[in-house]
Amino acid sequence: MKKLINDSNDIISEMLEGIVSAYPDSMRQVEGTTCIVRKDAPVKNKVAVVSGGGSGHEPAHAGFVGKGMLDAAVAGEVFTSPTPDQVLEGIKATDDGSGVLLVIKNYTGDVMNYEMAAELAESEGINVEQVVVNDDVAVEDSSFTTGRRGVAGTVFVHKLAGAKAEAGGSLAEVKGVADNVIANVRSMGVALSPCIMPTTGEPGFELAEDEVEMGVGIHGEPGIETKKLTSADDIAEELTENVLPELELNASDEVAVMVNGMGATPEMELYVFNRKVQTILADKGIKVHETIVGEYMTSLEMAGCSLTVLKLDDELKELLDAPSKAPAFRK
Amino acid sequence: MKKLINDSNDIISEMLEGIVSAYPDSMRQVEGTTCIVRKDAPVKNKVAVVSGGGSGHEPAHAGFVGKGMLDAAVAGEVFTSPTPDQVLEGIKATDDGSGVLLVIKNYTGDVMNYEMAAELAESEGINVEQVVVNDDVAVEDSSFTTGRRGVAGTVFVHKLAGAKAEAGGSLAEVKGVADNVIANVRSMGVALSPCIMPTTGEPGFELAEDEVEMGVGIHGEPGIETKKLTSADDIAEELTENVLPELELNASDEVAVMVNGMGATPEMELYVFNRKVQTILADKGIKVHETIVGEYMTSLEMAGCSLTVLKLDDELKELLDAPSKAPAFRK
Amino acid sequence: MKLNATQAVNWMIKTNEKIQKQSDYLSQLDRDIGDGDHGINMARGFQAVEDTLSNEEFAEVSDVLKKTATTIMSKVGGAAGPLYGTAFQKMAMTSKGTEVDSETFSNMVEAAVEGLKQRGKSEEGEKTMIDVWSPLHDALKETSEFDGEKIREIAHSSMESTKDMVATKGRAAYLKERSKGHLDPGSVSSYYVFEALSETLEKG
Amino acid sequence: MKLNATQAVNWMIKTNEKIQKQSDYLSQLDRDIGDGDHGINMARGFQAVEDTLSNEEFAEVSDVLKKTATTIMSKVGGAAGPLYGTAFQKMAMTSKGTEVDSETFSNMVEAAVEGLKQRGKSEEGEKTMIDVWSPLHDALKETSEFDGEKIREIAHSSMESTKDMVATKGRAAYLKERSKGHLDPGSVSSYYVFEALSETLEKG
């Protein structure tokens, strides 16, 4: 394991200090916690949008803190959901009485910890709503299982719910937007090489020189299927064909596309991949309102990418276009 | 070699298509060339800022094309300067008669190819000025050698010269700003692992599991010194101590800081690194006007980072703060 | 045979010893079918438990377990944090104000199982730590003896039984059939908890 | 002995053959002290040269070299593109309208050396391709024979002499003392150019 770190035990606290010291005018760390909040939190007469999760997904989630997006990001250990007390701190630091929306990625740990935090917050009289993002089509969805994972589509939930909150939406309205995004966003990922956990120095899975892992999540865990690496176009086609069907798009429908780098894949390759995605969408007559290419929801230094497609309606389009001051999602 | 590509011979053209298809509202490719220009080029009554270089540095340079930054980015093969005829196309597509500033990174190949392009453009009656960025303090500077390399500091030249051009500056004024930035910007980089050339599938250098390459450039070539990897703090200290002296900063001077990921290093580590940089600057009483952390001038999937410090005066500060619509540098 | 507060502290210290020693093994198990952090999570949490318990005096078992629960809850995170936190919290509530004999302990484990199911929205047979806790309760309610070795044996065989299961909850569920053939990491750490209890009871 | 237009085309085709065959070797040399692309750059450029020359008729050597120059200029990029482009351009200009005998060829190489120095802002002894072109001119101006084998020998020993030099220009310059002990890639590719010429002259 070769990492630009000091002691792996200090990695989260040092990262958080490094983030806050980069953007001292727009964010601050709630003292003694792993919460990064807008400098001006709690914002008067505004619903707060709070998210977070395990670390190792940078710029998620702290990079999305800022006017027009998140009010707070709560950081857990690497790939480990933050604990309820930390989430509670994020809630308390951002609620001005207008209520708080928790945006949770659908992983057992995250769901349980946030649920407990919500219980604690409600017992302190704070109005809390939760949404659980489950955009990953690689995982089978059934009421008897854990259900789908929440992956890069979460970034759209942050952006659009954040924009609604900034526009003065009520807690119910902000949650409504988040629900709408969740219902209309689908993703799937592929890995070319695993990431290395800083704590153990071990890779999450092994891949031969000519193999890819289809349907990976964002925690270094193995994916759904190991296959031969053929070409960027083949992979783009496979991901697109998996992501699109449930959105039931008709020609003339508008979408937003995110090609998200998992960490180590050069942007050059993301664009080669994007080329094919855009061709497929164009062939189907689907109109792309906006394309976002870059690293948004990473998995440390995993190589690979994910494709996210969000079906837009007029309100979602407007919210996507709205300004954002979050350092990792400026608009 | 494991890359998300199709045929390595098509990688540049497919990447360019992928970029343009991501931002069809703001850029276009000049047909039959490797030039990406602002959609509205040539912009009326505006000096054009044209840059480019070898590919493999994404988002540099095409990601910086947009209102307030570059008018054109000319792409060469991977790590190979574009040819004079391509640079000429970029110049011709963006000049409206107000003149063109070429921003060149100080590599023999780039300097020669751009020089020849400038000669060709002048022979066609276009007013062209050139600046050569040489911010890399790792390399000795002497009139008997090739001189210092141009690395991540180039992004500040793009931003500030671009802002000056957008503000209506004359060619001399835009060049003046670029010269001012070049005189006041210094960088140095470190690699934890090499990148793999897509054409040959070979790494540019070898590093043992416990070694780092200090003073690397951005083309996969070896650096100045191979050392043991100690800690992020040690490396941050070494880079900072090398970058600062020539800027002759006094307490109360203001700077902009860029912590630039080389490709594969997780953002988490960039922030751990940034933490130490900020501490050192704060201890010296140097005021940081803005910090930028992320991938701006990469070297494919090299692991590592570079530190760039730009000393600001009032004009540079204002130009840095000015809006930019470039997808990789939104303000 | 009864468990007193001092023994309860020893139980937790012994658990921590085992977890520290097996941290890499637990992470390796989690790497096979999860995200590879279970050992790290548990080691961080139980070290904090030992540190906190060592610095305080406790009147009864319930107090020890309560302190354990809150410490785990704020130190572990992930799935294991809320689950172990809930299990110890339920055991603390059930043992409040009473001596911990075989019957009380059976009730404590019953409450823990209830808590786990509720918190994890899960059942037996889904290849989770419930597959250690629940069979243990089944065995405990059949006997009035507080038999450490028996507890260890049942926890051990239950833990082993998770190997053949297909996960439908937790991260391992994403692997579906591929999760078969691997032990569930949370069941293995749960086994250490009961192995530590067994040793504590046997030492008296 | 003179070089005619057909031979000049053959010279370039032979050069391309060698470059294609040695492309990996050239890139390996460039990897040692540069950025590892010299073979790729040259292979791309000279393939284009062969493709263009094969499709046209040429009246004189100058025309062949001019086409070669412009093709290299627009296909190679990097440092080698402008340098080789300039060298061939200068040779084309110097040979315009004349037969290419030993004296003319000496003048052509002289002009190429001048061009390389100006374009590269460099001199002999800086571990660049100039260290093959310049000694070759020194030798050519001393003789009135157009001797292929002699040209090959001098190009070869000059190329080898770059091994002990310390680079002060080009990418290798960043390595300073570390550049010693490695052949300069551009000098090796220049050797292939003259080896190809030598073979062309010998075949007649």
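Per-chain residue numbering starts at 1, and chain names A, B, C and D are given in the order in which the chains are listed.
Here is the rule we go by: contacts are C-beta pairs under 8 Å (C-beta built on N, C-alpha and C of every residue); 3 or more make two chains touch, one makes a residue touch a chain.
Remember, it's a predicted structure, so these values are computed and weren't measured experimentally.
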{"item": "Set of chains whose contacts include both subunit D and subunit A", "value": "B"}
{"item": "Centroid comparison with subunit B (C-alpha atoms), farthest chain", "value": "C"}
{"item": "Distance from subunit D to subunit C - Cα centre to Cα centre, in angstrom", "value": "75"}
{"item": "Interchain centroid distance [CA atoms averaged], subunit A/subunit C, Å", "value": "32"}
{"item": "Separation of mean Cα positions, subunit B and subunit A [Å, integer]", "value": "28"}
{"item": "Multi-partner residues of subunit B (each touching 2 or more other chains)", "value": "none"}
{"item": "Where subunit D touches two or more other chains at once, by residue number", "value": "none"}
{"item": "For the subunit B and subunit A complex, residues of the former touching the latter", "value": "2-6, 11, 14-19, 21-23, 55-56, 58-59, 63, 192-193, 195, 209-210, 229, 231-233, 235, 259, 263-275, 278-279, 291-295, 298, 300-301, 303-305, 327-328, 330-331"}
{"item": "Partner subunit B, residues of subunit D touching it in the complex", "value": "24, 27-28, 31, 34-37, 39-41, 44, 73-83, 119-120, 168-171, 173-176, 178"}
{"item": "Footprint of subunit D on subunit B - complex, ascending", "value": "54, 76-86, 107-109, 112-113, 115-116, 138-140, 144-146, 149, 197, 199-200, 202, 204-205, 217, 219-222, 224"}
